[in-house]
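Quick one: structure below, then a few questions.
Chain lettering (A, B, C, D, E and F) follows the sequence in which the chains are written, and residue indices restart at 1 in each chain.
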Amino acid sequence: MSRRYEDLSGPEIAERVRPSSIVLLPIGAVEQHGPHLPLSVDHVIAHEAASAVVERVGDEFDIWLLPTLSVSKSNEHAWSPGTLWLSAETMMSVLRDIGRSLATTGVERVVLLNAHGGNTTLLTTALRELRLQFGFKTFCVHPSLPPAYGGTSTEDELGMGIHGGLNETSVFMHLRPGEARMEHARRWVPEALADNRHVRFGGSVSFGWLSNDFFDDGVIGDPTGASAELGAELFERAVTSLCEQMAEIASFDFGR
Amino acid sequence: MSRRYEDLSGPEIAERVRPSSIVLLPIGAVEQHGPHLPLSVDHVIAHEAASAVVERVGDEFDIWLLPTLSVSKSNEHAWSPGTLWLSAETMMSVLRDIGRSLATTGVERVVLLNAHGGNTTLLTTALRELRLQFGFKTFCVHPSLPPAYGGTSTEDELGMGIHGGLNETSVFMHLRPGEARMEHARRWVPEALADNRHVRFGGSVSFGWLSNDFFDDGVIGDPTGASAELGAELFERAVTSLCEQMAEIASFDFGR
Amino acid sequence: MSRRYEDLSGPEIAERVRPSSIVLLPIGAVEQHGPHLPLSVDHVIAHEAASAVVERVGDEFDIWLLPTLSVSKSNEHAWSPGTLWLSAETMMSVLRDIGRSLATTGVERVVLLNAHGGNTTLLTTALRELRLQFGFKTFCVHPSLPPAYGGTSTEDELGMGIHGGLNETSVFMHLRPGEARMEHARRWVPEALADNRHVRFGGSVSFGWLSNDFFDDGVIGDPTGASAELGAELFERAVTSLCEQMAEIASFDFGR
Amino acid sequence: MSRRYEDLSGPEIAERVRPSSIVLLPIGAVEQHGPHLPLSVDHVIAHEAASAVVERVGDEFDIWLLPTLSVSKSNEHAWSPGTLWLSAETMMSVLRDIGRSLATTGVERVVLLNAHGGNTTLLTTALRELRLQFGFKTFCVHPSLPPAYGGTSTEDELGMGIHGGLNETSVFMHLRPGEARMEHARRWVPEALADNRHVRFGGSVSFGWLSNDFFDDGVIGDPTGASAELGAELFERAVTSLCEQMAEIASFDFGR
Amino acid sequence: MSRRYEDLSGPEIAERVRPSSIVLLPIGAVEQHGPHLPLSVDHVIAHEAASAVVERVGDEFDIWLLPTLSVSKSNEHAWSPGTLWLSAETMMSVLRDIGRSLATTGVERVVLLNAHGGNTTLLTTALRELRLQFGFKTFCVHPSLPPAYGGTSTEDELGMGIHGGLNETSVFMHLRPGEARMEHARRWVPEALADNRHVRFGGSVSFGWLSNDFFDDGVIGDPTGASAELGAELFERAVTSLCEQMAEIASFDFGR
Amino acid sequence: MSRRYEDLSGPEIAERVRPSSIVLLPIGAVEQHGPHLPLSVDHVIAHEAASAVVERVGDEFDIWLLPTLSVSKSNEHAWSPGTLWLSAETMMSVLRDIGRSLATTGVERVVLLNAHGGNTTLLTTALRELRLQFGFKTFCVHPSLPPAYGGTSTEDELGMGIHGGLNETSVFMHLRPGEARMEHARRWVPEALADNRHVRFGGSVSFGWLSNDFFDDGVIGDPTGASAELGAELFERAVTSLCEQMAEIASFDFGR
């Protein structure tokens, strides 16, 4: 049986989407990922990770999968012709509108599965907006938490596999075999930044950056060693983790 | 070779998306279609029609296919729990943001392929906004023009196969065999409206309506005779027509 | 007795504007109409047509006439110095504000009488917004349906008497004798467009256009044969038709 | 020759509306004025005063008259069914849009002729917005300055002929003979307010008020002694003053 | 005991801020005041005047002092690098948000103490918005009413001590001894304006102006004779007057 | 010499605020902090921390201190009467307006010093907006990084000293001796949350919460052991850290 929200009819929504259900919104991006990867990377990862999660634990936790939001807030790549991006205002409006729509179903748990790091802070802001405005319990999960927001990256990348680096490239190679252009992969690690104690990705000082602030190619990380094998392992680990997260989300309450 | 816009890398966009290219944005909806069809109908049709067009004439007219916008302005179904809808303001903002993004590529022709009748007037308004603001040549095409906006419908439906009626149901049955719940299909034709000379779908007086204004089930039309065979025929006709339209669009200019 | 809404006092509004009444909002424009016509054309036509309708059937259908909205969404003429235009957002806000105001009277039927084709799709979108937000039955009527939206035009103009053409010029000559500058009238018909099967005014493909896309003069049509006599005939036909439309509007319901 | 802006054609605008011209926008309102006056009062006064000014000194100062903005910010009467009002945001957007439109003509002087006191502060705010954004010299004039903003009123009304009082009623009786319903006129003067030294209309403390804060009838003032004769005198004085003001406006510069 | 709103805890707010209390919001500005005064002038005056008022009559009238809004709508100084200013829209949003917040306390009287003349009309507009939306009794007071809005100025300045003139400079010298740079003070009085009967500060015609419209230095007035002594006298007079105003505000009602 | 931005005159701004300068905007909040602390806590901390930083290293790094933004986005406390809060939209508008103002000075480094955890994600989003729109290098620093965003808290509080807990209470006791009401301090630690592996403050799953989701008192943490001594130590550590951060910020570049 399908777990896709849109495969239900109107009357079925009323019957099947229950307060105890979870609605899952995958959020991708269509944005430049350097010369070695297509614009689709985050879109693909969001879609594939969400699908895998629903496949594994959708029935157990009564998860309903929304269509992936393919375009999101990618304005760190505004310099790059062709990157599609919603402004912060539009993105928030889209989330509010979806929240307002879902509120009519009575569902209580809404999960954003975000594959684009550039959305992270806006989505976290939105979690509160949606909770306050519609009363949802709201959550944001990531297939791979961005190093800029508490995630980790390889030592070789000095912890800065931020965009188009080893891990992301590997996961894409696993999910879309043969589509990466590895002949264009180069090492683009902003080494000087590693000397900083505070002003660094995930450091105590957050800073505004655009993806071409460091290198013209718009990549931050070192994809040269990427492989589908590593990607398979990372993706499996991500999905396993997401499934565990869904378990906690399914039973989460505020203890009152 | 892929014709999907997002399968290009950043540098490839610069090289492959040319002024003479066409960018095609399919627009669907996730909205109630009565008890016999899933919410996905317009999403499915937009996606399938656009894919078929690109498959057939994408190379010939240098068409680049954007990811389908799955959720759009479906507020005529706001009464129906679960219908996802963007407000008119959000929808326009999404279109402007996509336009602003595409403008950086230098492409000159932008086509909206709309499978949800409720978007039609807003999209037509947007065509001018995008032309004025970004200088694009802009177009809106439909797999099947809604009877409310100049399209036709069967005589048996008194020309009012507006939503979930014979044609739409048939096309869905063709595209997603076995997914319609025809046991729930009923005839919901607002017969009284047919007596009107002016205030009618496609009449000289347009009027504001919500999908439950006529019947509680939210359908307007008669899906009972629908069949995958008819759907196949209609879909083929639609795609053929869309391909012809793309040909005209590719060579369209204002004659100066 | 006056049928002008503004001629009532506050207490009279409460008494005279009833649920069964019709409120009629004429919508004009102040926009370039080529060198042979003043900017006022749509303003004049909206005002005169609405006045004539109210004169003839205002008592019969209990119509209350609002002041004509003189300036509206004329951004297809943004290139022409002096054209006054509201943005799509402002225009929608004005309509919402008027709707919010009228909702306090309890009136159920709101009719937009639109004399400017460039408003048509936005107004049709607004019909649903106002119905959803305030519960009105909403309608849009035209003294002359624009060819771009299902109306007709003369054969000689190849059906493209869109702006400042034969019919509009004639009607203006009838309503404001001696004010047209016919010595500046020229034939501006985009002949090449007539060869298109789809991408044409009123065709299956709608397209974004500005009024100077075809000719520098900002006219689309052939006013050279215009006459007050023809205008009188057209205007009489328009008013007759509008009166018939008001009759249908007055008794319109959704059949439930 | 007509001095109405809209009576010009597009090419004439370019020729006739010069930097040294003055564009005059009359601003009315359609709002309750108590039981003895129609909603149209401010609309009528704005229109008539502006027309009289243009008639007398339009040629001398090269004034171009815009169509009267009939509906404006009347939210002090939001409690009164039927009052039409734009929100502060919408009203500002309308003014900005008109400013943006006029800026294309090269005209340098824009005058708002305001007949509705409730607009005064918003319009004064707008003067700066339009000057900053478009470079206009901007002015706001009143047929009769509201007592709340520095104008005077009769002693008998204790200076509080704010809305529907002696002067306004008289002017309306002059401009539209026979249309006032004087049998409904009563004295509605908030006497207690006169004891205040600071918190009073035109006092050193401005305060927020709605038109039914004092009396249910929505009038502030004493119209009982109103007469067309007094109205004629007041109107003549107002027009004379407006003409003097136009003279100063025509030659106004910042002395640099 | 502190009279600062923010010194209360959440539960204390519920107990101490009563319907009969007054909430006082001082509003300053950080904007150029010519070469002889720092940007802080209005910020300092708002803060000091409000503090003095609360010190003297805070207990008597149960006044709760909000933190001073330091930055406000100073766009007449947009030309001057470094002036901080909120747009009219942002400023109104800030006031609405504060109003919406205060409405949860049940307080009925909200007073804006405004030290920046450029805010005056927007704040007066806001008084009505806040009254209508939240039901407050709303008031706006000034330490010194700007000559442009009914206040007075010295004869020597021809009544035009608008910005950085004698009085304001003196008050600042009193409040922040030693901080004015009087060696940079010059006479900047737009003498020509004094000849105008209507178009002048506080005249019957209001006009849009920027602070550099008259002189490059951005001052309007003559600060050369300013002294701390005069400032002390003016400030004392202002505070005395504000205290009287608070007394009237505390007992103000609409007489019904 | 003063390091307060507002103590400069207009001409001094042009001279003293250089591209190499740092502008520092402290951001506080006026929001409930439980029964034992006043609403001012974040306002006080932001102000005191920023002042201390400027005192110590202001000259060294050429820092200019803006007035503290006292009210910010505190909607997690919207349930608590009296909490003042700006909506996310207003808050972003205020930041944009300040950014737009600062851009005229040529300064290149803008630092937000945020003492209210509820702002963190919005501010981080704003860093990119301001960088993209105005070209600033932008930074966000915290006197104490909130545990929800990567900071730490005491073991006794199970890492959940989020709001009004041990550290914050102690720092306030140090900065404003005698103002805490420690007799109202209780332990409010959501113990159950500690069992979660993912959905927890600072966990891999972020979640939307309001400050009364866990306990009615609106505190999350255990302030019972708080002391001014601990506060002094924490504040000293915070300021030391902030000074180090300013050093890195002063010399930060993107390495190109």
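The criterion applied here is as follows: contacts are C-beta pairs under 8 Å (C-beta built on N, C-alpha and C of every residue); 3 or more make two chains touch, one makes a residue touch a chain.
What you see is a predicted model, and the numbers here were worked out from it, not measured in a lab.
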| item | value |
| --- | --- |
| Interface sides of chain E and chain F: same vs different residues, half threshold | same |
| Maximum centroid distance from chain E, chain identifier (CA atoms) | B |
| Mean-CA-position distance for chain F and chain B (Å) | 48 |
| Chain centre separation in whole Å, for chain B relative to chain A (CA means) | 28 |
| Contacts with two or more other chains, residues of chain A listed in rising order | 89 |
| Overall pattern in which the protein chains touch one another (line/ring/star/complete/other) | ring |
| Chains in cyclic order, anchored at chain E, direction fixed by chain F | E, F, A, B, C, D |
| Touch list for chain C against partner chain D, complex | 4-14, 17, 30, 32-40, 43, 66-68, 70-71, 77, 80-87, 89-90, 93-94, 96-98, 101-102, 104-106, 179, 181, 184, 218 |
| Complex contacts: residues of chain D adjacent to chain E | 75-76, 78, 88-89, 92, 118, 120-122, 124-125, 127-132, 136-142, 145, 150, 190-193, 196-199, 202, 204-210, 213-215, 241, 244-245, 248-249, 252, 254-256 |
